[in-house]
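The chains carry the letters A, B, C and D, assigned in the order they are written, with residues numbered from 1 in each.
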Amino acid sequence: MAITDNTNFEPKILAFCCNWCTYTGADLAGLNRMKYPDNIRIIRLPCSGRVNPQFILRAFQKGYDGVLVCGCHPGDCHYTSGNYFTRRRFLLMKRLLEFAGIERERFQARWISGSEAGKFRDTILKVTEEIRALGPNHRMKEADIYD
Amino acid sequence: MKYSYFPGCSMEATGIEYAKSLNYVNRAIGLDFIEIEDWNCCGATAGHTKSHELGIALPLRNLALAEQQLPGLAMAVPCASCYSRMKYALQAAHSEEREKFSRLIDMPVEGSVEIVSIMDIYSVEKTKTAISAAITKRLSNLKIACYYGCLYSRPPKITMAHNIENPQNMDELVRLTGATTVDWAYKTECCGAGHHVDIPQESKPLLYRIYKNARANGANALVTACPMCMLNLDMRQGAVNKAYDENFDLPVYYLSEILAIAMGATFKECGVASHFHPAKKLLQKENETKEVV
Amino acid sequence: MTDIQNILRERAHALLDEGKIACFIGWGATRFNERAMPKFIFKAEESSSLVYNEHCLNTLAKYTLDFQYGAEKVGLATRGCEARAINRLIADGRLSRDKVYLLGIPCQGMLEHGKPADKCVFCRHRNPVVYDELLGEKTIELQNPPRFESVLELENKSDTERYDFWQKQFAKCIRCYACRNVCPACNCLECYTEQYRTGWQGKQANTLENSVFGFTRAYHIGDRCIECGECERICPMEIPLMKVNRKLVKDVEELFGVEESGLSEDEIHALGSYNKEDLEEFM
Amino acid sequence: MARAGVFICHCGSNIASVIDVEQVAKSAEQMTGVVYAATNKYACSISGQEMMKQAIIDHQLDRLVIASCTPRMHETTFRKMLGKTSVNPYMLEVANIREQCSWVHTDKEKATAKAIDLVRMSLAKVLKNQPLFTSSIPVCKKCLVIGGGIAGIQAALDIADGGYEVTLVEREPSLGGKMVMLDKTFPTLDCSACISTPKMAEVGAHPRIKLMSSCEVSAVSGYIGNFEVTIKQNPRYVDHDICTGCGLCEEKCPTKLKSSFDQGLGQRKAIYKLFPQAVPAKPVIDAQHCTKLTKDKCGVCAKVCPLGCINFADQESYTTDTFGAIILATGYQLIDWGSHYPEYGGGAYADVISGLQFERLVNASGPTEGKIKRPSDGAQPKSVAIIKCVGSRDVAKAHGYCSRACCMYAAKHAHQTIEKIAGAQVYIFYIDVRTPGKAYEEFYDRTREDGAVYIRGRVSKIYEENGKLICKGEDTLIGKQVTVEVDLVVLETAMEPAANSGQTAALAGVSADKDGWLTEAHPKLRPVETQSAGVFLCGTAQGPKDIPDTVAQASAAAAKVLGLLAKDELETSPMISAVDTSKCSGCRFCEQVCPVKAISMIDIPSIYNGQKVKRTVAQVNSGLCSGCGACSAACRTGCIDLLGFTNKQILEEVDALWQ
């Protein structure tokens, strides 16, 4: 495993955002000209319930240093119940990832509504800093495992 | 049937009539109250208003003693104040505070003791039948307003009482004696006992409205099962009459006194002789009624 | 056990004879004394070749899928693990209850290499939870076997240690898919690994792809695992697969209060339902 | 081979001032699958669109990536544009380089790099896009209205007047609901029955409204434009096709009962019309109390009926019909205050009555012919206490919500008491006085000027003493306990969702909140729609409200339905789930997680070991599917996929930056 110097490390973070809440919240952050690190790449999905936990494994496998799943607050789902299933799936998946040895900060889930632009920015800031502190991910990463 | 017994301070002082009459009734129907050894103050009024810890630790120690000495027995608590404190302690024993308090009293405590009032005990079907059987006189001239007081039902989250506004179990027991009970509105309202010394001007109206409503509904006597209420209603009736220019004549009896009298006890045996408000006359009238065969 | 063996042979004979079932699935002898193998009896007179002893390690339930479209029922020797597997298959819509006839067997636990088998020492259902008839008296269940001990042990290590542990384990994997093929919860018509068009993951047998397979399979069965332990038993490379399965079973229990799976045929598994009051840690 | 075009929008300086758009275009041109990349000042403008259209022709583009503002802004614009070209509108991905890049980053170099990444991700996705086509479903031009109160009546009339068929289902034997029980309506004090009964009659006579009284909805299937609804007709024991409503039967019936319409204060017979102006104006038999039906004695009604309408053997029957839209107007009921408020006597005092009982007392066609009399002795009360928020705004007792109408009708009751009884004293106990409505505050002012005494505080106890009702409470403005002695107490009790309204709504796929009120699609912007497309709601089924709001909402729901029924066909979004049945194992996981019940199981022919068999697989109802994709994330095999957001597309997006 390569040892990297973290000082100039810019993590790449992937976020799955639901169209109705978090993606809207991210748009609102833009509209309000809030500033946050450019490390985040967002994939827009109709609902956080669309996020298959296998996407998370795939993101780490391909090289992302952190993954974020965001959706509407419980009770606010555009499709009524999608995020309740999301919550169950990722409560379980998060523990499984930790059990597999992925550091807990690398995968996070958050509820961010369409009006919570500030929360969106703060989440990105916090997650980016946490992952920057951890350094690049080598675990379960394609490019770093050669046997 | 056996119960562990927490007398509390009243039973040997102001509430001596209560103790006497309870004793009489229990002997007549074969109930056994076994006093907890080394019991201490229940923590009422002075204790719990000063400190939450003290207010819980004091009664909890009694619970712990009962658990130790008389495991498996329900605890008979005749005084409503004690009853309330014990219920608070029991709830604490079932909460996350248990360990803290267990350390404070330096005793293990499970909260396995059931707390029962005299009404609870006498309302058990078997006991009720025994009471019925032991009654030899019909007190049919008595028209009684059963006064339950505040602490047997309130706060409902602590007492777990079902019928807060219009309880019935004392009424049912009183009716066993042949007396009638009246429907009235002040069964569970505060009598102001706690404040009669420091703010009598606020407490007197509380007493007044109780007498007034009892009389308005046709009662000629009050029955209670709380030594504090008893003291207050009995001792201060004269003062209220004076303050309001009234002439209430409502003798106050303990539930157990009424039962004891109906079972044939003399005034001395059951304590009716030592009331403040004249209480014998009404019952003497009753005594003239013929005995049941 | 010989008693049960005798009744088993008798009942299988009778059921086949009466034409109630087309086939009976039980165990038969092998040329090794300490091994038994799955046995399929189609003719009543062959019933005498059934055996039941402490070497009947295979959980047989998944074989019933071969008979799911048959006109007649299939008979199955059903211990706790088979019974829960049958419930699993029915709940997952793969089997219909009227296609199987279950001869319940209270199990005392099996031996593997002369020792109590790993899959049996943590078993909480030695008696079948579903059957048509029960052969013999119900046996006493193990009281709270420490199922999660090895999970806890690994949980308490650092994430680097855990990562290294699993990478070492999955480095051994040869991607034979035996774990998947034997698993009663892995009952998909076509496994996601075969979906080359979507390309969920690579087919290469390297540590990374192996571990992605391992964890994905664990997640797929996590809320439906019946803890029969067949995957771990069958693994030729001795990867401790039950450790990750039990991790999920434990989490499902702690998070959603669903203690065990496969106890009834109409259960809704944890991820197929939700509770508005579920733990909230994503605020 | 794909021929993708990439267009980078400057958005004036909004994007171009931070992102080097030319650099992005240059990078895009190098990406696999891209045949053309260009920048544009304003992609959404007419000229921008023309430029893209021309590029599609010039470079034979078959798909587009447009890097611009958020897709929430102009995705539809660009799709519409593609509709006029050879490119399928769904062969488009929008990279959000404005809201999520240029507006939130300042470092030009980094922002440009991120923009290139975002384009790369969108490109990866668009390369896996498939052309999608909207389909259309026919619309059955009929509406079902459930509930015949003022909300249902108004909605039904509006739709029928708009030219469409309406079926109105009412559980009770007559239309009218609660409004027709009321005496006067605030703040104008016009007679409630006088303004509602003409509307009822209009419904009864309307050529396009089919009124089904004594009916309940028992099953709903299908989807917007095509709901299959089964309606249960409860037995009436009177053949309404023949009955003329002469009333002879009712007159002769010997069984007298408490009238539910009069809230137990008046009487009716066992064969009865709910009230004199009932619509339909024909009687029904109360099966629970008719002695013929319970004990096989009497049968007088059948003997006196000149037309032989009475049928004691009447059974419940079911009919099924198709509707394009459904309106839920199931209304409210009042809380059973007795079980919640033992301190108010729990129902033991005859002279403690509910507001609705007061309405009947004061109503000229009520049991007392409009004279306010105490139920206990028929005496005229000289003093009345009105207690508000009984069951409302009281979580410890019943409900936390405000019932909204009570402040005003409490004022009305006070006004009516003072008006009808000379010298009457009225006390109103309140928590707050809420009068948000046209001329409402003025009405409240007038009531106070009339002499009603408002006491701010709750009543803790009501009891009887010497023939008077004593209300004990607190006046929180002076911090003192107060006691008032009155002859009559009126409790302004909380509204609750009507019994079984939740079950009825659930049949149509509509959920209820924690208090049981039906949930609208959006509290502000879609107040009469529900999560179930084609199902609308109005009136107090959705939450407590007064008559003006109810009627307004009913008309709003009707307008929505008219808009829907005006279409011959509905276009459905093609971005819905689809099942690859060859792989589906029928495990039902997708069915369990679907929020709109769009997935069902179906048996399909299949081959197993050379044998023809039936196999169970999932199928998606395209009319119901809302395209959330929960099923897709649940499917282990991956055989159910969300078109437009397929597993493959998302995986490509994840992989895009790491090739």
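Basically, a contact is a pair of C-beta atoms (placed from the backbone, for glycine too) under 8 Å apart; a residue touches a chain by one contact, two chains touch by 3 or more.
Everything numeric here is computed off the predicted structure, so don't read it as measured data.
*Asks:* Report the chain closest to the protein's overall CA mean, measuring from each chain's own CA mean.
*Replies:* D
*Asks:* Could you let me know which interface, A-C or B-D, is made of more C-beta pairs in contact?
*Replies:* A-C
*Asks:* Name the chain whose C-alpha centroid is farthest from the C-alpha centroid of subunit C.
*Replies:* Here the answer is chain B, farthest from subunit C.
*Asks:* For subunit B versus subunit D, what separation do you get between their C-alpha means, in angstrom?
*Replies:* For subunit B versus subunit D, the centre distance works out to 54 Å.
*Asks:* So how far apart, in whole Å, are subunit A and subunit C when each is placed at the average of its C-alpha atoms?
*Replies:* So the centre of subunit A lies 35 Å away from the centre of subunit C.
*Asks:* Which integer distance in Å separates the CA centroid of subunit C from that of subunit D?
*Replies:* Comparing mean C-alpha positions, subunit D is 47 Å from subunit C.
*Asks:* Quick one: report the Å distance separating subunit A from subunit B, using the average Cα coordinate of each chain.
*Replies:* The separation of the two C-alpha centroids amounts to 64 Å.
*Asks:* Please set out, as single numbers or ranges, the residues of subunit C touching at least two other chains.
*Replies:* As it turns out, subunit C has residues touching two or more other chains at 192, 200, 271.
*Asks:* Of all residues in subunit D, which are in touch with two or more distinct other chains?
*Replies:* Counting only residues that touch two or more other chains, subunit D contributes 593, 634, 647, 651.
*Asks:* All pairs of touching chains, please: list them by chain label.
*Replies:* Result of the pairwise touch check is A-C, A-D, B-D, C-D.
*Asks:* Quick one: which bits of subunit A touch subunit C in the complex? Just the residue numbers, please.
*Replies:* Going through subunit A, the ones touching subunit C are 53-54, 57-58, 61, 73-75, 81, 84-85, 87-93, 95-104, 108-111, 139-142, 145, 147.
*Asks:* Which residues of subunit D touch subunit C once you look at their complex with the stated criterion?
*Replies:* 582-589, 592-593, 601, 608-609, 611, 613, 616, 634, 636-639, 646-648, 651
*Asks:* Flag every residue of subunit D that touches subunit A in the complex, lowest number first.
*Replies:* 70-72, 96, 98-101, 103-107, 110-111, 113-114, 117-118, 121, 511, 531, 575, 593, 595-596, 626-630, 632-634, 642, 645, 647, 650-651, 653-655, 657-658
*Asks:* Taking the complex as given, what residues does subunit B use to touch subunit D?
*Replies:* Within the complex, subunit B touches subunit D at residues 163-166, 184-186, 189, 212-213, 216-217.
*Asks:* What part of subunit A is in contact with subunit D in the complex they form?
*Replies:* 12, 14, 19, 23-24, 26-27, 29-31, 33-36, 38, 41-47, 49-53, 55, 58-59, 62-64, 77-82, 85, 89, 121, 142-143
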